[in-house]
Amino acid sequence: MNPWLLAQFLWIIPAIPLAASLVVLSLKSSRRKTAAAIAIGGQVAALILSIAVFVSTLGAREYRAFFNFTWFTAGYDHIQFGWLLDPLTAVMLVMVTLVSLCIFVFSVGYMADDEKFTRFFAYLSFFTAAMLGVVVANSLLLLFVCWELVGLASYLLIGFWIEKPSAAAAAKKAFITTRIGDLGFFLATTLAALLIFCGAMGKSGQFPLHVWLPDAMEGPTPVSALIHAATMVAAGVFLVARTYPLFAFGSVHGVTPSLTVVVWIGVITALMASLVAVAQVDIKRILAYSTVSQLGLMMVSLGVGGVAAGIVHLLAHAFFKALLFLGSGSVIHGCHGEQDIRKMGGLRTIMPVTFFTYAIGMMALSGVPLFFCGAWSKEAVLDATHHWPVSNLPWVLMIMGVLLTAFYMTRQMIYVFFGQPRSASAGAHESPSVMLIPLIVLAGCTVIFSVVLSPAWPWLESYLTGDHATLRWGDLLTSTVFVSLILVGAGIAAAAVIYRRFGGAIDPLQRAAPIVFRFLEERMWIDELYERTVVRFAKILAGLSDWLDRNVWDGFVRLFAAAGQLTGILTRGFDERGINAGVDEATTGARGLGWSVGRLHSGKVQGYLGVVAIGALALLLLLAWLA
Amino acid sequence: MNTAAFVVIAIFTLLGALAAATLPRLIHAALSLVVGFVGLAAFYILLGAEFVGLVQIFVYVGAVAVLIVFTILLTRREATERDPFNWLGAIVALAVFGGLLWTISHSDFVWQAHVPNQDLTVRRIGDALMTAYIWPLLCVGVLLTAAMIGALILVYEEK
Amino acid sequence: MSLGLILIASSGLFSIGLLAALSRRHAIFMLIGIELMLAAANLNFVAFWRFGPPSPNPHGALFAIFSIAIAAAEAAVGLALVIAVYRHYRTTSVDRMTQLKG
Amino acid sequence: MPGEALDQIFVRAKGSILSLLSGAPEWLVQIVSALISITALLVVFPGLFALISVLERKILGRFQNRYGPNRVGPFGLLQPLADGIKMLIKEDVVPTRADKTMHFIAPIMMLIPALLALSVIPYGRNMTPFAIDAGILFLFAVGSTTELAVFMAGWGSNNKFSMLGAMRAIAQMVSYELPLIITVLPVVMIVGSLSGDAIVAAQDGYHFGIIPRWFVTTPWGATAFLLFFASGLVESNRTPFDVPEGESEIVAGHMTEYSGFKYAIFFMAEYLGMFAISGLGVTLFLGGWHAPIKALEIIPSYIWFFAKLSVLLFVFIWIRGTLPRTRIDHIMNFAWKFMLPMSFACVLAAALWHFQAGGLRGWLWSFALIAVIYAGLSRLLQTGRRFAPRTYRFAE
């Protein structure tokens, strides 16, 4: 099919979920089945279309088509909107639609007994629509619009259980933190790369702005899966990839200052997050931090020039992280909403399907080679980082990151699935099939992906970069394979050793090094830090403006009154010297004046109306006087 | 004759309006408002906009006044009590009136002898409404519907 | 009869409306005042149409018609509000409606 | 044409009177001609009122199998005279707690619109007292002011029965004003004018040479006419819609506290309103002063008009003699759930007719449309409780 024609109708893909969400929103909250049917139907349609697009892009190389139209003309500059279709877009489309389809199906089971069921699906569809919009957007402006929509949707979803104060707070936090980033992005639409990266940092929870991501776990688990696996967090990475030329502008063999910044931010994020993840006890928080670290990984890969590698890892990560989140969701569902992994355990036998799928996800995440896509993409990233001319430190640090990842994932596995059932997992049960099928599908994807990703036949990577993939078995044995193999093995082994005979009592690490553990458990006190600095500052600002407000409003009333009183006091002084008693009148008069001016600010409509009339009169006279 | 008619109508209208604004009892005020509106309609007819005048009577006397009266009935308790009068408002209103007078008297355009446009036939209004003003017409239709529904919802009390 | 006279009359009408809107406490009085002011504005429209430059469409008069329609809507909603408020506070004095709390 | 002299006799008379003061200033002539028309109206319609008042009593008497008034004068035709005298000399009672001014003004306010409304109806060829461009609109405009008069009567006499009656009256008048006006719309749409003369002129001629081109002969016209007549019954507070003065419940509604001449004025105003509505109906649907058959056009136009008018008035009386009083909430439901949609249906049908350029196809199309909508409405309004055991609601 003619690519340009195709590009012209690209908008349909985001439009479908949007329409679906609107329809669902207008439904009565009792029409649960209809709502789910419509939303999922929309997803299926979008998925089919995306696959069609993807397939049609397969043949050509350097496939690149876009469609622009002038939204409106302000003075002489036209505001252009448009859609862009290239391998990146196509892949992202398929990924987003597929993953969110799985999530939709999953949440049919997960949200089964929530009274705001329909609205939930409306929000989900809306979110997907916005995300797809980001993917297909051509101009930075449109991208920004969709970007903000994504932010809004995530706000709605995270705060879905708004009656939980923590949820509301988390929603606000996510919204504001990402806003801080988006501010940068918004400037970036006129300015340059680094500011764009601010936006990316916000959405992808990179180091200074990562705090919202773990808190976002207050949302329903499918939401966590959608936001933190597939879509929103990926948006940042996607953004950087999309605007990569801006970053790479004027590069000396692939190194520019901005890219360097990206790299270091990414590295810090990755390492810090994986450190923190070691000490968490909330199943979803662990996953969240792992997400953060993985995103850091992707950023690094982009920064060092391995764009394709980064994107590939993004896709892979999307699948297995969605899998993990849905798995955790299934676990939570099974444990009746319990999220503390210390209370679980022994679920291996109770919920076998969840266990196996989860295990696949875990191995993909921690990068066990050969059959799990995570491994290959991670290889690629590490490889790219290894060849970074600037310094080797990122590579080393990321190696540590990988080690830690393997470690904490194993820890989590042991906590949750092995050992004896503890308080929460005692009465656990396997989830309904409507929740299990998505898990299986995603697990399948994870495994299948490992084929198209393997360095032996780096099909996807070459598809993205636009050249043909060739089968080279030798590449299976790149240097990093062994390294990471060793690392992963080490990590898993360490965790296995440490937690081998763990009985749900105090965490061995904690016993070993309490201070450090506490430090990590408290997430390095970064939130507290912000609490002390940013928020405090904001509060002060608010207080200041409030104060100003009061004084601006009735400042001059007080002034009058004060003046009156002052005169009063003075004149009383005169009086007491027995000069003039009549001055009392003046003071009372002045006080009365102040009081009467104060009357202006009674909350009475008519008073205001009168003031308006007088003002209009004054304007009229002024006009007449000028003429 | 025109000017004489004008003076009569003006006095009629303004007296009605003044009564509407100052009478202590709400019900009397509402009814004298009707007088003012009738006077206004007479104004329109005098100005050759017969249709507008009739619409004025139709809408204001037939609909708005009845609405007001009904509201008075439904809020009976206070409708019968005397309403306080705030003289500050009178001063402001007087000031505004003075300002308007001053500006009108200083504008020479309004005092020139203009040749008046010929009277407005219903057909012309209809043509204008159906061609140049079709969108405003539709919008007003929508607005009225919305207002009606909104008013219903506001006063509806479910048993 | 010249434009000026009519304008004076309409300004008088407007001021009376303002008076009603400013100095009466009863919500319905305010509404009456607003209606009067609107009426004054309409009178101006018609007057300016009458003595203005000739044009194919009688814009002034049409404007008056539209504003009459809108005024009707406004009156309907306003009075509905008055009734609703009265049900809630048992008062129609704009001074005694002091809290937004339902 | 033959009867031309007889037809135009009144017009000629007026012309000759005006010709007396040729040379007088133009405004004087205007005023005089206006005065002439006014006097004519003031002579004819009160007279008609007197006549109808006695005829109604006689007809009702026949309906109820008894003689009507037959003592005063030949066949009791002077009965209204006697009534008038009685009313005049009766004591005029005004309640002490009443709002005197309003109590006084109300009947006048009642009478004026009725008279004004009568002044724009074409009674015959060139016989429209005040031929204004928007006559129909004028009629409705002044007609809509009667509600205020009713309210004044109710509030002024400071009596709960009066108040109740007034509220009922206003409520039903307001609700039936919509169908009344919307049923007029199709005619106005087809004719393309708001003036009575133009509307009558548009109904000149005959289909196939026999059936007169009155709008009532078209499906939409017939429907609109029926709806119009029903709404007219309500507007003039006649049975079966006379709940505002339902003596069995609220003594005499807003007229409870009125006696003597004021009451007479109310009475008269009511009848004049009835005349106005009927006259309007004749003008809009029954071809105004046109003769039903070509041969009968010798008979002067005004006679035709009054003939049709009196037929309508007879139907008014007939209905009063036949139908029982309706319940107020039933009246309201009927207005909003049936009358309004049906009148809109008439508008649609008229539009259809117009775009079919009249003729048989237009006839069929609009008939089909109205039939469909009517069927749909009656199906919708089927509450299903029709034959269910009746539930009585008692006042607490």
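Order of writing sets the labels: A, B, C and D. Residues in every chain begin at 1.
Note that contacts are C-beta pairs under 8 Å (C-beta built on N, C-alpha and C of every residue); 3 or more make two chains touch, one makes a residue touch a chain.
All values reported here derive from a predicted model rather than from experimental measurement.
Novice: Go through A-B and B-C and name the pair with more C-beta contacts between its chains.
Specialist: Top pair by contacting C-beta pairs is B-C.
Novice: Most central chain by CA mean?
Specialist: Central chain is C.
Novice: Considering only mean CA positions as chain centres, point out the chain farthest from chain A.
Specialist: Taking each chain's C-alpha mean as its centre, the farthest from chain A is D.
Novice: Report the inter-chain centroid distance for chain A and chain B in whole angstrom, where each centroid is the mean of the CA atoms.
Specialist: That pair's centroid distance is 57 Å.
Novice: Report, in whole Å, the distance between the mean C-alpha point of chain C and the mean C-alpha point of chain D.
Specialist: One centre to the other, that is 33 Å.
Novice: With centres defined as the mean C-alpha position, give me the chain A-chain D separation in Å.
Specialist: For chain A versus chain D, the centre distance works out to 72 Å.
Novice: How many angstrom lie between the CA centroids of chain B and chain C, rounded to a whole number?
Specialist: So the centroids are 6 Å from each other.
Novice: On chain A, where are the residues touching two or more other chains?
Specialist: Answer for chain A, listing residues that touch two or more other chains: 606, 610, 613.
Novice: Considering chain C alone, which of its residues make contact with at least two other chains?
Specialist: 18, 21-23 - these are the residues of chain C that touch more than one other chain.
Novice: Taking each residue of chain D in turn, which ones touch at least two of the other chains?
Specialist: In chain D, no residue touches at least two other chains, as defined above.
Novice: Taking all chains into account, which pairs touch?
Specialist: All touching pairs, sorted by chain label, are A-B, A-C, B-C, B-D.
Novice: Provide the residue numbers of chain B that touch chain C in the complex, in ascending order.
Specialist: 2-3, 6, 10, 13-14, 17-18, 20-22, 26, 29-30, 33, 36-37, 40, 43-44, 46-49, 51-52, 55-56, 59-60, 63-64, 67-68, 70-72, 74-75, 77-78, 83-90, 92-94, 96-97, 100-101, 104-105, 107, 109-114, 116-117, 120, 124-125, 128-129, 132-133, 136, 140, 143-144, 146-148, 150-152, 154-155, 157
Novice: So in the complex, which bits of chain C are touching chain A?
Specialist: Result: residues 18, 21-23, 30, 94-95, 98 of chain C touch chain A.
Novice: Hey, which residues of chain A end up touching chain B in the complex?
Specialist: For chain A paired with chain B, touching residues are 606, 610, 613-614, 616-617, 620-621, 624.
Novice: Per the contact definition, I'd like the list of chain A residues that touch chain C in the complex.
Specialist: Residues 603-606, 609-610, 613 of chain A touch chain C in their complex.
Novice: Please output the residues of chain B touching chain A within their complex, sorted ascending.
Specialist: Per the stated touch rule, the residues are 86, 88-89, 92-93, 95-96, 99-100, 102-103, 106.
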